[in-house]
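Order of writing sets the chain letters: A, B, C and D. Residues in each chain are counted from 1.
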């Protein structure tokens, strides 16, 4: 396998999520891209996720960012379901429109035990970011990955 | 009204959420307490919110913490639906059990424009915290609250 | 050694810092207490640390919080100089007075690889917190602690 | 004045810091660039800032990031000394070398009351980032800027 190829396909990633992570269905996340060090996911607009003011809720955006990070990390270490978020920081920047939200994740540091990434969220049809996230995942040791 | 009484009742808060924040229903959050400077909310355990490993997902816990912060802030400033989260930081500490999750929020600083609070999340039936959150809400000026 | 006794004394901690961490001297930090799961440090007021407005600078408060976390972590794991901060989040709450700043740190979670704590900062002579910090330290594996 | 020109010069910014922010001198920060929406600052390597392990301390890097954010914000709003950090989040990614540290700040959102930016820190002579920071500044209303 090339160094820079993703270590999981979109199909395998989505199958893993369907099997083990019920919360993904609830939001209808779409995995658009998984590379080695980058990933992109989409939250389809749905009235179920609005907050006061008629816009996409903060929790839906945090869930999307966390999901994109999961795709990012598994794209680098392969199918390790027990990789878990240890911390996440979000800054909400602008009201998202009544439109799908895109999350572009990229790796800042892949270590043996921790992976740190950042995620830029934007509203489809706009150039301005709606939120910015940094998050850290803990990677289980090789003997505790199942 | 006493200085230290909550500025919104649980009933009024839940009605506001039902009317304007569809995402609350999706999680089935229960508002247990709103005081002046404190609030407590509960996420009933539900297989819909699990993540790989069989535990409550990070996004469900972040949503609960954000919801408890919203109750906290409206308990201090009254029914201002357009108060919005500007930033949130979460540290995940332990795997929650297969049990309800409780969020205890308390105010750190209520200013004219920003409110900062912290939220301790715990699994019902355990003494150890499962996550710790700090969050900042932006309070709209008096003429832009509807 | 009792389970709940600190694993380092104030004297040993300060000697370690003098030997290896020059930046501590620059601020004149005083270690007031190290327990098992709690620590307290003090930044003496000094005109060298002021920012516009005449108050203690944000960087001085962040440095103090990080120092208190270091005392907290070494109080639990003993003299492991290579324990390092992996992330830190601070909310500044109020202008500190022209007075010493106290940092009270307490542990949220001590794991094998990560320690998470929170630090409350206050101005001596006032009841209100001036800043709130959460931070994560990475603990090196036993064979890489020197 | 052009929309995209910086609203403060490096000379005016450094004079303001010398006059009002003693802590800047302590680190010897150099302001390398201020644009409208970008800024770059440098921490000269100095044995006074090392931590155990012989590398630049976390507090010195946080101070540098906060300083670069201050230059960024004043580059967009002009000489408003009372702009203050309300929150800062840092992820430490790699051990910096024994070399100067560079901080590249860019704006994520400039609002009327808050400015959010991110700062990438790198060690001179290396391509890999050593730390990543997001921070929020509060902008005082026009009648309270002195």
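In this text, a contact is a pair of C-beta atoms (placed from the backbone, for glycine too) under 8 Å apart; a residue touches a chain by one contact, two chains touch by 3 or more.
Values in this document were obtained by computation on a predicted structure and should not be read as measured data.
Traced through touching neighbours, the fewest hops from chain A to chain C number 1.
Interface comparison, C-D versus B-C: the higher number of contacting C-beta pairs is recorded for C-D.
Distance between Cα centroids is largest for the pairing of chain C with A. In this assembly, the C-alpha centroid of chain C lies 23 Å from the C-alpha centroid of chain D. A separation of 33 Å divides the Cα centre of chain B from that of chain D.
The distance from the centre of chain B to the centre of chain C, with each centre set as the mean of the Cα atoms, comes to 29 Å. Of all residues in chain A, those touching 2 or more other chains are 86-87, 89, 91, 136, listed in ascending order.
Taken in their complex, chain B has these residues touching chain D: 86-87, 89, 113-114, 136, 138. On the chain A side of its complex with chain D, the touching residues are 89, 91, 93-94, 108-109, 116, 118, 128-129, 132, 134, 136.
The touching residues of chain A, counted against chain B in their complex, run 16, 20-23, 26, 47-53, 57-60, 62-63, 66-67, 81-82, 84-92.
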